[in-house]
Amino acid sequence: MQPAVEFRGISKHFGAVKANTDVSFTIAKGSIHGLVGENGAGKSTLMSILYGYYRADGGEILLDGQARRIHNSQEAIELGIGMVHQHFMLVENMTVLDNVMLGSEGGFKLQSKRAAVEAQLREICTRYHLDVDPLATIHDLSVGAQQRVEILKQIYRSANILILDEPTAVLTAQETESLFEILRLFKEQGKTIILITHKLQEILDITDTVTVMRGGRVIGAVPTAGTTKEDLANMMVGRPIENNLPRAPYNPGAPVLQVESLQLQDEQQVKLLADIGFTLRAGEIVAIAGVSGNGQSELMEILSGMRLPTSGKLEFLGKALPFAGRSDADGLPRTFRDLGIAHIPEDRLRDGVVKAFSVMHNTILGYQDKLKNRWGLFDFKAIAARCAELMKNFDVRPNNHDLRIGLLSGGNQQKVVIAREVLAQPKLMLVGQPTRGVDIGTIESIHKQLLALRDSGVAILLVSVELEEVRALADRILVMCGGRITGELKIEEFDTTRIGLLMGGMHKS
Amino acid sequence: ADPKLGIVYDAGGKFDKSFNQSAFEGASRFKKETNINFIEVQASSDTQAEQVLRGLARKNLDMIASIGFAQQAAVQKVAKEFPKVRFVLIDGVAQGANINSITFKEEEGSYLAGVAAAMASKSKKLGFIGGVDIPLIRTFACGYAQGAKAVNPKVEVSSNMVGTTSDSWNNPAKGGELARSQFDRGVDVVFAVAGGSGLGTLQTAKEKGKLAIGVDSNQNGLYPGTILTSMVKHVDVAVYDAFMQMKNGTWKAGVTAKGLKEGGVDWALDENNRKLITPEIEKRVMGARKDIIDGKVKVIDIRSGVACPA
Amino acid sequence: MNNHDLPRWATAFVMPVLNLLSALLVAALVIYLLGESPIESMGILINSAVVNPEGLSYTLFYASTFIFTGLAVSIAMQAGLFNIGAEGQMYFAGLGLTLAMLAFDSSLPMWILIPIGMIGAALFGALWAFLPGYLQAKRGSHVVVTTIMFNYIAGALMNTVIVKYLVPAGEQNPASRAFSAAAEMPRLNQWFPVLGETPLNISFFLAILALVIYGVMVSRSSWGFKLRATGLNKHAAHYAGVRISKMIITVMLISGALAGLGSVNSIMGSTHYLSLNFVGGAGFVGIAIALMGRQHPVGIFLSAVLFGALIQGGFDLSLEKQNIPPETFIFIQGLIILFCGAMENFYAPAIAALIKRKK
Amino acid sequence: MTFEDLQIGSILVSTVRNAPVLIFAGMAGLFAERSGVIDIGLEGKILASAFVSAAVAFATQNPWYGVAAGMLVSVLLATLQAYVAITQKGNQLVAGIAINIAMSGLTFVVAQFFFQQGGRTPDLGQARLFDVVLPGSAAVEGIPFIGWLYAHLIGGHSVLVYLAFGLVPLVHWVLYHTRFGLRLRACGENPHAADAAGVSVERQRYTAMLIAGVLCSFSGAYLAIVQSGFFLRDMSAGAGYLALTAMVFGNWRPVYTFLGCLMFGFFGAVQIQIEGVDLPLVGRLPGSLIQMVPYVVTVIVLAGLMAKSVAPKALGTPFVKSR
């Protein structure tokens, strides 16, 4: 076996945080190497060091047996390293073409090159079955398509070592499968691939070897063939993970939310939601499955008061939701929250938290007017106590409520948001992608919390693209496609193929 | 002993190409001739004016010259507190036994400028460019128009102001642009009363081969050949005289309005514009000058509340 | 952000002082080049700005106005709005105050006139900020552009109003008539004669009060929480139930009102009449103060006093030293803003290295 | 005078003559801001280059030396600003405002020190840049419309005017059709993406600031050695802020920014023409009210016609590699 990359004693500290400590392992050329670990284990940091984004405090990196100092991304790119980041590195208001060309334009004048590159991209797209229009603008693309642009970029640059940091976090099963097809093709061409993911099934499906990290250190490196999900989970978390969480028997109560013929059109009169109708009862979890971008996000925005519907009848606990007579949704989320609707937004960094606020301040976001005294002021002692309890109950790490929330790992940010919304004791909980980018240990605890909420009689509407998650939580499943509900199943009828067909637009049958 | 003298400029500063600078020149002449020094300060705001006047008064100065109407209230106030200190207020009126308020009949000097302009103009279209639309500037404009119409009632005077903020006194580009626009409309003599912005006007007139009229000090020498004349306002003389009277012990309080008769304002005729002022122009201007001095012609001062007749 | 994990005493005290010294060092160089002794000049400056009670009184008088304009810019900044229009708002507010005084100064007693004047000023200041706020909230017109435009418009409008309607007949000075004595803010020298004949008045306490209220509202109130959320992340603020457009309009109204209150000090506290361009750049100084003071009440206070001291000390210094034109202090103001406001971390690496070596 | 007397020709020529100050500064701001650095320091750079170009042009009696010296100073200031904004990661607004204030004071002090004319330079006389007379102007002068068009609207301006107008397509081309422009825009939108693509954000932003310095210097030079023929304290009179306004107005795009500059020039010229004229409906407005025409028009256009202006996303935020 010939090593493509070798880490030797890499250490990296951010102030007091030891993101990587003495990390050493080897990645074989032409292999797919998995990298797993809890949130904050140091995976992204290590990869960022390989990609020249951060400078290691100590240790060295060998490429093809040669010690290399990689000072910046430019050098990494020149060494044939490509990286698809956890958060996409795309310029939103530019076209796919320009994003691909950025950094490797091949000359001062663009115009002469653009046509050639475009042709080349189209050719790559056909060869690798990537469905991307090179002339589309990034902000018009779905997350899945943006992911494909990132891949396209790397193919175009013919990277030899490809780092993928949680590429599947936002992909559907189908999209993941086609991504893996491409990765296998890469492997055949002798490229080396490093894959970070929280989904252990994917590790088993595609990698050759897997390295497990915890607390900035390497816990173990094993050939995939000889390991199991349970083994990996054990290594990652230090304890076994429960697969089937216990739950009370399905015993739905009175209707909490009734939606009838809900319609939504955008300013260009494009139909985003059409004829949505369903009922949600107390004490049940209804999951909405579907490929992302099929109207689920819009539905959640309407139900949480963040957006106005075009028309439709929406009743909450028998009373119409107060959309009437409004020209914009300004301030509406507060009214909804007062009514007893809590919302875990799917894009937590955009909607759910204020990154520059401390953890404590984020635990009152949305409830600020409930916690003020009669002079409109906060009692920070009480709020800190409330926050401390909440952080303890939900095991938010590090346990320091003065930290800017932006410095927390994604999983821990998510725990703060969920804790905040659960604490509000809502009657209806809207949950969008609760475990995106979250490690298995945390997924387990989030799922437990949601099930406990259900058991206590709260109505929960869950949007998730993870069928695993839908299966683990839902009592009933609605499938959405193209802004419509294409089917409904009870959990006993769970059937991946059938759901897949409905997600693809096959109508109720 | 020599008197202790002070001079306080207003926000324009002593190099404003206008009355502050003129005051500075008068004080300097006094210093040169008598070797008596003077303290000078610039008060950038009305609040500072009061502060600095009081500060100078405390130093037991014998006389303080306050330049500009902005200091009127401050002089009024501080003069009361320091009855021994004598104050000379230029361009404004304050009451007090130790204050001499000196105002100028700008309308009279401007009238002469208007006469000269109307005589020299071929198109019979005159221009006026002011810094900011305030009573003082309007007085210039109105006197100018009266003079012009006295020569020929058909003469048209177009008037523009540079702006409304204090920038407007320091915007030569705009001063030039206004002149160009007036020239495009057929104006061929322009009177600039706009401090530093007016320099842009004079400059543009030279470039375009038109005539311009300077203001406050004698600006004929700036662009000889295109500056028809200057409407001189003898702030320098007023300051010089006040200092001299102080030295000689002949100073008196009161309110003085200085016009042509008192030598407060005048037009400038020297070697720089000799060629532009034809004998007819000179005769006509000198005639008007005499009429005003003799009281045969009364030039309306719009500050008295009368609307401008021209 | 880039503080290299320095201890608090270093970031809060040592670094600002070093920065200030650096600015003064450059200033000293300029003074030296102008042919005066820097040390003597600094001595005069400090003496006349803070040591001498009368000078200190002037320093605080100027600072009172600057606190208001600094607060005006700061509070808008908390909502992510860059209000460049404090200048125009304060100018227009002067009109509100003046109209109120002209109407009532002969008929009402002082203790009513003062609140009336303040209300007039705040109201007109708020009014002048309303349209930019409204257009930003409802039409998305950039508040930076509209407030700059409104500064110019205020200049033109005020010029017309003052010259056309307010100048008493026969007066040279483009200013309103002077108010009666009842319309004068009580001066502090009544109680502290050592302050001398200086215009420092109770506006100073009002300014401090405004600072305290601002500090409490922004950092401890639910409204301030929503305000800052709006400034930091509009999406999250919307999610949290903030009415963004109402918030933007409200905060611009408050900002304008605060800028407007600055005119109470300038007019009712000192000149007692409305004159052309009486604001004299205080609104723009407010921007510098808000930025330098990082929108923190203590920072705003210190920066305002620093600027007040520079104006007062610089004024006295240019009086003493005829070689140093007053404009030199405009330059020094710029230097201080640069060193203290923008290069605040200039010495951080050096201090960090020093601390490390000691350990 | 009546409404018919409005001299459209004069207004257009005046527009062309007034716009370059704003165009140069606007294009300068465009480079800085598209790279992610707020450039509120345009005003200070204009003023500094105006002074230095006038002073050097006077001292050498050669306008081009003046232009070059102005450029040097403006670039130095831009470098300082870049150092603060990029290397020190300081507050960009503060840096810009500091430069504006400092230059307002310093230009006066230095001008006073050298020339003793109250912060004014001596008249440049022959050391100005004079207007170009297009060949054949005299010949066509007599032809009614063509003559005016050729000799006065198109011809008869300083070289810098042609440079300003020529700059616009050039900037457009650089911004949208070159590698440099692509990287520049990426740095202003998402510097992390640019960095990940191997682009040095710092270098890109420094370069942008240098270009801004160069362009801005023309603005100052134009003011001093073309329009006025001398330097006067604070003669920029808000041109930097107006240019910034035109840029925001133009949504950070070169052609629209250019139109914004022209709009200011145009309404400035209209305002001159309608001062003292009896207007239909409203009659004769006081001069000072007419002064607000360009600004009111801007607000109306901004509120009524323009879509929301969208700034470069990363504008004003120093690039820090961190989450």
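Per-chain residue numbering starts at 1, and chain names A, B, C and D are given in the order in which the chains are listed.
Assume a contact is a pair of C-beta atoms (placed from the backbone, for glycine too) under 8 Å apart; a residue touches a chain by one contact, two chains touch by 3 or more.
The structure displayed is predicted, hence computed values, not measured ones.
With respect to chain C, maximal separation of chain centres occurs for A (centres as means of Cα atoms). Chain geometry summary: the mean Cα position of chain A and that of chain D are 46 Å apart. Mean C-alpha positions place chain A and chain C at a centre distance of 46 Å.
Chain D has its Cα centroid 29 Å from the Cα centroid of chain C. If each chain is reduced to the centroid of its CA atoms, chain B and chain C end up 35 Å from each other. Shown for chain D are the residues in touch with two or more other chains, namely 112, 119, 233, 238, 286, 288, 291.
Shared interface positions of chain B, i.e. residues touching 2 or more other chains, are given as 132-133, 163-164.
Along chain C, residues 152, 155-156, 159-160, 163 each make contact with two or more other chains. Counting only pairs that meet the touch rule, the chains in contact are A-C, A-D, B-C, B-D, C-D. Those residues of chain C lying in contact with chain A across their complex are 5, 216, 220-223, 225-226, 228-229, 232-233, 235-246. The touching residues of chain D, counted against chain C in their complex, run 84-85, 88-95, 97-106, 108-109, 112-113, 119, 233, 238, 241-242, 244-245, 248-249, 286, 288-292, 295-296, 298-299, 302-303, 306-309, 311, 318, 320.
By the touch criterion stated above, chain C contacts chain D in their complex at residues 1-2, 30, 34, 82, 84, 131, 135, 139-142, 144-146, 148-150, 152-153, 155-157, 159-160, 163-164, 284, 287-288, 291-292, 325, 327-335, 337-338, 341-346.
If you check the complex, the residues on chain D that touch chain B are 1, 5, 7, 9-10, 13-14, 17-18, 21, 112, 117-120, 123, 223, 227-230, 232-235, 237-238, 268-269, 272-273, 275-276, 286-288, 291.
Listing the residues of chain A that touch chain D in their complex gives 51, 53-54, 72-74, 76-78, 83, 85, 88-94, 98-99, 101-105, 107-111, 153, 406-407.
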